[in-house]
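This report refers to the structure that appears directly beneath it.
Labels for the chains are A, B, C and D, by order of writing; each one numbers its residues from 1.
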Amino acid sequence: MSVLVDKNTRVIVQGITGHQGSFHAGEMIKFGTKVVAGVSPGKGGSKFQSLDVYDTVAEAMKLSPNATMISVPAPYVKDAAFEAIDHGIKIVYILTEHVPFHDTMEIVHQARRKGITLIGPNGPGITSPFLCKIGIMPNQIFKEGDVAVASRSGTLTYEIVEAITRNGFGESTVIGLGGDPVVGLTFIDVLKMFEEDEKTKKIVLVGEIGGNNEERAAEYIKKHVSKKVVAYITGRSAPPGKRMGHAGAIIEKGVGTAESKIKAFNSAGVKVADYPWDIPGLLR
Amino acid sequence: MNLYEYMGKEIFRKYGIPVPDGYVVESASGVKKFDKPVVIKSQILLGGRGKSGGIKFAKSQADLDSGVKELLGSKIRNLTVSKVLVEEMLDIKKEIYVSIALNRAERVPMVIASSSGGVEIESVPEDKIFKTLVDPLIGYSDYIGREATNFLKLEPAIAAQFRAILSNLYRVFEKEDCELVEINPLVITGSGKLVAADAKVVMDSDSMFRHKEISIVDTEKTPLELEAQGKGYSFVELDGNIGVIANGAGLTMATLDALTLHKGKPRNFLDLGGTDNVDTVVNAFELVMKADPKAILVNIFGGVTKCDTVANGIVAAKDRLKISKPIVVRLSGVHEDEGRAILKNDGIEAFSTMLPAIERVAQIAGGN
Amino acid sequence: MSVLVDKNTRVIVQGITGHQGSFHAGEMIKFGTKVVAGVSPGKGGSKFQSLDVYDTVAEAMKLSPNATMISVPAPYVKDAAFEAIDHGIKIVYILTEHVPFHDTMEIVHQARRKGITLIGPNGPGITSPFLCKIGIMPNQIFKEGDVAVASRSGTLTYEIVEAITRNGFGESTVIGLGGDPVVGLTFIDVLKMFEEDEKTKKIVLVGEIGGNNEERAAEYIKKHVSKKVVAYITGRSAPPGKRMGHAGAIIEKGVGTAESKIKAFNSAGVKVADYPWDIPGLLR
Amino acid sequence: MNLYEYMGKEIFRKYGIPVPDGYVVESASGVKKFDKPVVIKSQILLGGRGKSGGIKFAKSQADLDSGVKELLGSKIRNLTVSKVLVEEMLDIKKEIYVSIALNRAERVPMVIASSSGGVEIESVPEDKIFKTLVDPLIGYSDYIGREATNFLKLEPAIAAQFRAILSNLYRVFEKEDCELVEINPLVITGSGKLVAADAKVVMDSDSMFRHKEISIVDTEKTPLELEAQGKGYSFVELDGNIGVIANGAGLTMATLDALTLHKGKPRNFLDLGGTDNVDTVVNAFELVMKADPKAILVNIFGGVTKCDTVANGIVAAKDRLKISKPIVVRLSGVHEDEGRAILKNDGIEAFSTMLPAIERVAQIAGGN
């Protein structure tokens, strides 16, 4: 068992001939992901490794994909996402950063309307070792196990996953929500899945300043989550009004502070680590 | 990305939202002949300009000339006023509030209105605020305006104007890719007209590829932050003494947090991003060195960003930029061993975990 | 039992102060419909009979309506429909004719997205004698019974319902789909409901030229409808390319002929009456 | 509502869809100096103009002058040519097809394209036609154009033009409230340009309140149909001899159908609609009498339209319009008895069901 993706996940890569698309498609294949085709407008008929590259998702549908990684420049993301959604691809992961959030809003609501799971934009994707990886997480940090991780960051997630693995645990599924103010998945969405997933025994949430995703998750955990949840929140030292790298990581008018999130988690019985490297200790 | 009031008002005008008659002045010679009482407003991206002396009133040519002269070039909380907006003085009967903002939790636009204008909306009691969510696949519907004017209890003639303004304001929000459009106050004049006395327009900086006509220097950023932005780095200046270079926004923030918990004082946030280029590292050092830190911490978790590339970058930066300040490095992940060997060769010890690196650099910089 | 509406249906009328809105609201109340409020922008605070009239649907929601009749001029229909849909009113009936079909397309798809049943535009509404009537069908033609009727026309429906009643039958539910090329309900939609409805034993479909709603219904009946279905199709004598009153009643490029529809129904075992007055005979 | 080719092309031009250079001529004096070979196209709303002689080619000033003269005022299948479009002759390398139409069954716009242009799309095999549905809540997405050009196997430079045209054509469809926008043929010229050689634009007549700039006389309608439209009636002329007035489109059609099955020949379709006004009835009679029927059938199922009102209308029409033709009436429903009494008073028998009324009027008019 795993969340959202497994051995039956058949992935296409939209933008497979781009710098990022090709590199990460290769890494995904190494990880064991069933990448079945690439799509790159204007590059139809070419090859990526042994895979066919098509001009359109429509053509790639003959390979029965049920997931896509979108790695196209930000101005083209909305179109690529609608293309995937309209063809009924059930999991749409957007790697691209700097997607205008107005575009993302439309993608989010269209995906929801069509019963499609949107992951990202601007996150590292999803990994279920060693069933399937869609995204850019480094292959070598994973070990199969029972800890599920959901995070708003990229590299920080790897840091924490690596620490989890190094300390003798393993991961069931790791999901990066994305660092933008508008993304497809909330912590609540993934908590639901983690709670239902038989393989997952413990849950790690990696939050950051900005918005109230963590506060809402804390409320949800109180009522609906029976599994052990621990958390780490970054941005404690961030000044208000400044975007800390991620478009979504900003304290605005007192909303989205680390203090508020830590307090919310504590009140839900969720232990919050002071440092990333403290997470494995809290999992014991 | 915050727009200046005068730019916001230009957009409002384009979208049919009434704004006061006025003009922008960049030097004393730009002042026009006085013909009616005016307000002179410093164009800076700060709230509370009035309280800081950034707004003056003029009832004569002399008032106007001296007001403009006083404001232009003056400093308000560290920002230099390079433009003022000269506008007709409105006959204010009442001030109301209206805005459209992103609701992050629901991932939809939210319309906010209140009959208490001219004050920060955060200070208005919740039950005096009209809020409604807009479906982004549908956009604005006129009934929202009717619900708003009903809530605000505006008289029919004012209500009709309000609805037209709200509908146009939504068009601004949508077409101009805004995070926030706010009119505060929206003035009801003595003659029963609604006029946008102020304009706060915050555009999504990620949307600029489709708004090439907008060019603005974000004065909320420091000169060094602007330079970093131009070079493609996420960079924030802080007031400590430890320069920080890390990869990934989350990891960089976590580095600052850990430093702070260890009594270290970060001088900056710098996210190297996912790179495999030595020059990207050198340029990052150049930026950090301009902030004159006491020591520099490099914290890399290698993935797309390879540890040996970063190591080569550090060595190159030390050499090219003649850096004599202490550099503390943590390398972990892809090509970690190669990276450590490169640094060792140059006399730099690289830790493999965060904690000792943070302790070390905090200790070095501690004497601040 | 009945379809879509019953004694618990609480109806508001958007446009209740208009000529049509007020007349039909009065007739609906006489029929026994629970009309709970009126909405007319600018007329808030006034009364219709003993009912309160509000400026907005938002205010009328305190009366817990679950259905609305929209009778506002065509240019304002889309806004009124979105107002009702966004407030979650489960049945939206649009009386108005001449609504631009581009507006109706949006209303149809937004209603579907939100799980709302759209009836009309440009149809006579829905009647379940004597539980609830939303729309403009004459009160006096009905008798409670087991015949369900779905029709694309107005007056012709009354003609047929009256004949059904006069011949000793009665109606379970009568639904007018509307005469526009784009309307909320298809024959298939109502066939599903009629098939499930315990009270309905026999079904009458009143079709007309234009589109292929009847042909699709015939296919559906073959596979999914066990109850007796009879039909009448109007427009046999209509020349191609001419709109016969209804915007939807037009034979275009050979599509939408009466012959095609009659043939389709016959092939599905549905007897098609030559004249409206033959329907009761076919029901025996 | 069908637009003339030249009007369609004006709209295309406005939306950035390339059309041939050209101008409209309404009289011989409007012809411009000949400078390159041109096509002279009669502006009538009929397919197959070419085969009917409605299109001429001119390779000289003399050709042009005589061609315009011949076409202006000529009759093509009963329609008088009052305008011609003079257009540059295109260097046609290939003709393709593209359109956007309402898909009634799915209630969405449908994009249709084929590399077989210049012929009716109905005659093209299904497997040579690209069709795709567009989500009306989302609108056009660029990938649809990529799918189309991929299907049509257009070379890259042509494909890029095609995608731009399709995207703009969708804007026409949406913004101008169209039922159909069709370019057939869309010409690939010798120099590799795509040009819309024809333009078929059918607007939704219910949308005219937001397209006040469009004013067109629908020449598919007869003069009497146009008069009826102006008076607010749904009216269609047919070629029989029995005038028909009924209420409701469905009931009126059913009346025509029943008449036809009884060997009666209807002269018209006229839907009285829901009315409670005597003059509405009288005006309907006036229209029907202009069609000079042998007899008139009135078929009313009373609801909103009260039977007594209709009866009063019939009596008033007989009187005011001096009608001597036989009038056969069927009244049923609201105020049926009152209506019957009014008519009886005037010597008209009113049936209460359709069949005998139809039999009677068919018999009266039978001698045609």
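In this section, a contact is a pair of C-beta atoms (placed from the backbone, for glycine too) under 8 Å apart; a residue touches a chain by one contact, two chains touch by 3 or more.
No experiment lies behind these values; they were computed from the predicted model shown.
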When C-D and A-D are ranked by contacting C-beta pairs, first comes C-D
Here the gap between chain B and chain D, centre to centre from mean Cα coordinates and rounded to Å, is 56
Whole-angstrom distance, CA centroid of chain C to CA centroid of chain D, is 27
Chain A to chain D, mean C-alpha position gap in Å, rounds to 54
Taking each chain's centre as the mean of its CA atoms, chain A sits from chain C at a distance in Å of 46
Check: chain A positions touching at least 2 other chains come out as 106, 110, 113
Among chain B residues, those touching two or more other chains are 135, 137-138
Which chains touch? The pairs are A-B, A-D, B-C, B-D, C-D
Chain C residues touching chain D in their complex are 23, 74-75, 98-102, 104-106, 108-110, 113, 136-138, 140-141, 151-159, 162, 179, 181-182, 206, 208-213, 216, 232, 234-239, 241-249, 253-254, 258, 274-277
Chain C contacts chain B in the complex at 41-42, 44, 55-59, 76, 78-80, 82-83, 86, 106, 110, 113
In the complex, chain D touches chain A at residues 135, 137-138, 141-143, 146-147, 150, 156
Contacts from chain B onto chain A in the complex sit at residues 102, 104-105, 107-109, 122, 135-137, 174, 177, 179, 204-207, 209-210, 220, 234, 236, 238, 246-254, 256-261, 266, 269, 271, 274, 301-304, 332-334, 353-355
Per the touch rule, the chain B residues reaching chain D in their complex are 137-138
